[in-house]
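For clarity, chains are labelled A, B, C, D and E in written order, and residue numbers in each chain start from 1.
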Amino acid sequence: MAEKKEWLRGSALLTLSAVSLLAFLMLWELICRAGVVDTVFLPAPSQVLARAIRMWDQHSLIANIAASARRVMVGFLAAVVVSIPLGIMLGTSKVARAVFDPILSFLRPLPSMSWIPLTLLWFGITETQKYSIVFMGAVTPALLYVIEATQGIDPILIRAARNLGANRWQVMREVILPGCMPQILSGMKVILGLSWTCVISAELVAAKEGLGFMIMNGKEFFQTDTVVLGMVLISFTVLITDVVFRLIQRSVLSWQR
Amino acid sequence: AAPTVINYGGSAWLGHYSAYIAMKTGMMGKYGIDLRWQAFATSSSRMAAVMAGNVDIAGTGVVSALALMASGAKQFQMIATPNNFGKAEGMLVRDGVKSLNELKGKKIGVTYASSSHVLLLDVLAQAGIDPDKDVSIINLPSTELLTAYRANQIDAAVAWTPTFNRIRALPGTRILLDDSAFSLYKSYKMSPGPDVLLVRSVFGKENPAAVKGFLQAIFEANAFMTQKPEEAAKILMELTSLTMEEQLSTIKQTEWFSQADQKALMENPGNFVIGLQKLAEMLLKLKQIDFVPQVRQWVNATYL
Amino acid sequence: MAAVKTSTAAGDAMISIRGVSKSFGALKVLDQVNLEVARGEFLVLLGASGCGKSTLLNLVSGFERATVGSVHVNNREVRDVDPACGMVFQQYALFPWKTVRQNVEFGLKMRGVSRTERAKTAQHYIEMVGLRGFEDSFPNALSGGMKQRVSIARVLANDPDVMLFDEPFAALDAMTRQVLQEQLLSIYEKSGKTIIFITHSIDEALMLSTRMIVMGAKPGRVVQDITNDLPHPRAAEVQLSPRYIELKKSIWETVQVEVMKGLEHAK
Amino acid sequence: MAEKKEWLRGSALLTLSAVSLLAFLMLWELICRAGVVDTVFLPAPSQVLARAIRMWDQHSLIANIAASARRVMVGFLAAVVVSIPLGIMLGTSKVARAVFDPILSFLRPLPSMSWIPLTLLWFGITETQKYSIVFMGAVTPALLYVIEATQGIDPILIRAARNLGANRWQVMREVILPGCMPQILSGMKVILGLSWTCVISAELVAAKEGLGFMIMNGKEFFQTDTVVLGMVLISFTVLITDVVFRLIQRSVLSWQR
Amino acid sequence: MAAVKTSTAAGDAMISIRGVSKSFGALKVLDQVNLEVARGEFLVLLGASGCGKSTLLNLVSGFERATVGSVHVNNREVRDVDPACGMVFQQYALFPWKTVRQNVEFGLKMRGVSRTERAKTAQHYIEMVGLRGFEDSFPNALSGGMKQRVSIARVLANDPDVMLFDEPFAALDAMTRQVLQEQLLSIYEKSGKTIIFITHSIDEALMLSTRMIVMGAKPGRVVQDITNDLPHPRAAEVQLSPRYIELKKSIWETVQVEVMKGLEHAK
């Protein structure tokens, strides 16, 4: 009986979410239809949908998503590949941390967009420039996540490993790396979301496709429906990557439950 | 032989009409050139692409080029000026406004670091209006200008084509002044941001024939625009999204230089270069750059 | 402090702690501790919270270095963490991402023992602590008592000369605790290892030890050193014997004096 | 003796950081001086310093910092004021969470920059538009932090309060609010950093001062020294706000130590 | 189960648990529990880990609702959390951002008692548990034993009819524990409150209770119900009396049977 109640409650909450979403969309549609706001300022959901269908027919919807997704993936993966070993090194060595601290403190607060001028000069209008913007936006937070994860490992596990005869390198491979995997993974989920933010900056300049380009281009042509569609697509893609990430987490971290 | 690939940096601005026409009508192909068009929203990103080596030849407003010269970059050379416009840039106001003085206390939208910005600062100086106190200048990217003007968020806009045409087309709008009001225009026929063609130094050195061919094609296109403006307009509409009427008037208002004009402008006596030098000095005065470059050092007329 | 007796000659001492003092910053935690533990002894350390028992164990295992004095294990001075002293932690310290078998194999893997051989050894000890059938479980799926047994098996598989236990059973309920105590005793009797064992429970001390040390606090030092001569096996009935009661009373009195010194503002 | 060693080690690490910073700057200067890289691509530290001095003399340095700081503060504080009560509500009520979930999932991944077109239409070229971009960029992450903080409260404290006679409202005021203060404060530090990212987006359009404007305008004039100076100033300002935040944390959370 | 005796008539029962079963999902934790606790009784609950002791306490305090059956406190059915049953949690559950005094005042503040009056009451109970001088300390600055005393003072200040203790002393060392036990007994004797107290320690049960309940597991139910007739005051010597040993043995046997049923694959 109790379990039935639990289950009911779970599904009731889901239904509530769905109803809330529908109500939200309907209200929005009504406001637009009733002319309370000009659709130039805020397009109705139906207009956004119509735009989506049109772009789908022109094959540009998928192309835009794919372009941004590729940039996000390359920049993000590069950031991950750099930050995991470097982060573990910085997390375990006070000396290395002291050496890198000033540089990290400088890089950490810089928005990805502030890298546009320099990367443009360094890499020109290539895809590399766009990857590098995503990379620069993702790498310092990723590094900080890894450092924190490394330091969050229960020191008693390291003691136990040393006590069982592990040398420093073995401690790193057998204890620190697997031990900080959960935090690294959940950190990377956040960083992936952040990378999507950066790709918009990256597509601000000299892009011909991508969701950021779509939003900016929609703006130029006063197509607010394209702008909103671009925003919806970003949310959507991030939600999907979140789900994928959760699946990865569940399979990699089977030992957690 | 296989055609030489030239990566060209352009936009919808009229300074790029020549290259666009030459590309679309096969004039480039005739000179053994495969022109690859890259669109940029701003001159500065186009220039950055030149610096990074992604673009071989670019057309640009000269303000951006002067700024780059001021910072000492030697990676490019100035090879020609394709046109002279005066009516494609200017200040647009609502019908009631008759003079600059009536804009005191009002909001004027302009894109910072553009030729329009220079024009605005210059005409304000001529009228004795303090740009910081008497008016409020709003920094807006060119596309935002139209939105802001339409939504009554600004009282005047200084813009160039095609935004210029779009705003002008709005009902109740008139042109208060255009580039002919620019102080250097009167003495040197120098607009605040004349168009120039730049070549990446390394590319020019390695492919002198291709650069020469490119310029040939440009001047051929210029002749085409002068002689057959209607045909040219049709081709250009897909670049600019202007209406036929607007497109045609833009072409007709502009003076399209021939090859013969070039030598005189660029080298001997080089009025254009002298004008540029004056412009650089003015930019310093208007606090836009912090060093006056010797413009002549960047001019290379050997490809003409 | 003058009353400290050294029950073994220096020669056959497995562990010898000589004139050890340890400070953390300004806090002097251990003061001039001298202690010899003979090969095969089961030494239990008792004492109020914060008197420095864990610190002493950490010095023996090499996790900490003495401020003054030296610690020798097996006649070699302890200078770094040394696998010769296997530690069983109160918090189990199992690797949560490794299965029971992988945990037990850990020390062997570190020493480069071949896969088949270490599987065999691990299986032996897993069965010894009664966990057959749980080889592939992850620690999170085990109860506290089972985890503690894995932790013991892990140390046993590594075959150290000395085993150090820091309040290993404190978090367990009385019944599980009793079962594990019996298992530990039978392992001890079979293997002949040297053991140092920390506990707060006098009953536990009496059930397990061959010798008991009571430590005093502020700063930590040895205040009582008693040989536990209770007969084996020590079933529940032993708790009712006069000797048991006598020993318990004697330790209780020492401990009480020390605790009262330390208790804050108690009524 | 031991304490001396500790102290020595702490100060040695600080020295190391300082030395590393100096070495980094000197290397950078040398590379530029030696002409390994063109100063158009990367200005030497001395050039950046010279630019800073020039801008200081023109009074524009402080003006730029102040303009951005004001936008950050207004947007950030608005986000805090909205997110704390809303977040506590969402954190404590499953129903409210289910209702808001779809909207939050949509808003969460949107980069602040994607709000430029719509906010421009809604608020025009006012400062409000800039505040709103910072606000939109900060409010959803802030909300998520508060929700998480609220849920992170040990349920036993809530039980204890109820057991001592507290009603739901008293539980919220006496237990949940103070109990999630530590996480809220440390979350807000992150959000404040994020707000600085957003202000750059906000200053892309219709700004004539501010650090974001400085960077983008520097880019237009190929003054990489101005660009780098803008970046340094952002880092610097964020570092200072971090220190201020740490002081606030220490005084508000005196009970933690 | 048939052996359960009800030591009090239904009339003067402070707490009565009638036919209570409790399931979490598919897991039946408590099965048909009947229990009456008389006014002024000190009832100790014993039983293996996981047998449902905490769950039973949570039903009495109103944190959980029974799946079947009803719980009455003071002849009122428990339907929501009720301040009439003060709970002392194992984890202390002090508000870390409030000082000792503010913690002790909490219940009074919630009831709107005036500032001066609640300061007076709080001071009384702070002194009763021996924490004078620590009124303005934050919980983080206190030791475990001191925290537990604050937690007791907090419940006492709220003056509930019933006090529920869920293994309050489990995390303390033996000596601090002894001191707190004595304090609790003296408070109990003075105040005449009804107490339910959970512990894993049979010794603790014998030292404190007037009545002991042993619970069995899977599902949880009452398996033994013994009146503790040991004389007061119960100093350490009482532990050596024959009656003590007899009671301990009897409980130990019951408990052992239950634990053995539950212990996983032990040797």
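Everything below uses one rule, namely that a residue touches a chain if its C-beta (ideal position, glycine included) is under 8 Å from a C-beta of that chain, and two chains touch if they have at least 3 such contacts.
The structure presented is a predicted model; accordingly, all values stated were derived computationally and were not measured.
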{"item": "Greatest separation from chain C - chain, by CA centre", "value": "B"}
{"item": "Highest-count interface - the chain pair sharing the most C-beta contacts", "value": "A-D"}
{"item": "Distance between the centres, which are taken as Cα means, of chain E and chain B, whole angstrom", "value": "86"}
{"item": "Chain A and chain B: spacing of chain centres that average the CA atoms, whole Å", "value": "40"}
{"item": "Mean-CA-position distance for chain E and chain D (Å)", "value": "48"}
{"item": "Per-residue multi-chain contacts in chain B, two or more chains", "value": "42, 48, 51, 147"}
{"item": "Chain E residues counted as touching two or more neighbouring chains", "value": "none"}
{"item": "Residues of chain D whose C-beta touches two or more other chains", "value": "40-41, 121, 204, 219, 224"}
{"item": "Touching residues (chain side chain D, partner chain E) in the complex", "value": "154, 156-157, 159-167, 170, 174-175, 178-179, 181, 253-257"}
{"item": "Sites on chain B touched by chain A in the complex", "value": "38-42, 45, 48-49, 51-55, 143, 147"}
{"item": "Touching residues on chain A, where the partner in the complex is chain B", "value": "117, 120-126, 129, 205-206, 208, 219-220, 222"}
{"item": "Residues of chain E that touch chain D when the two form their complex", "value": "61, 63, 81, 83, 85-87, 89, 91, 93, 95-98, 106-107, 109-111, 138-140, 154-155, 158"}
{"item": "Interfacial residue positions of chain D with respect to chain A in the complex", "value": "9, 13-14, 16-18, 20-21, 24, 40-42, 94-95, 97-103, 105-114, 116-118, 121-122, 193, 196-198, 200-201, 204, 212, 215-216, 218-219, 224, 227-228, 230-232, 234-235, 237-239"}
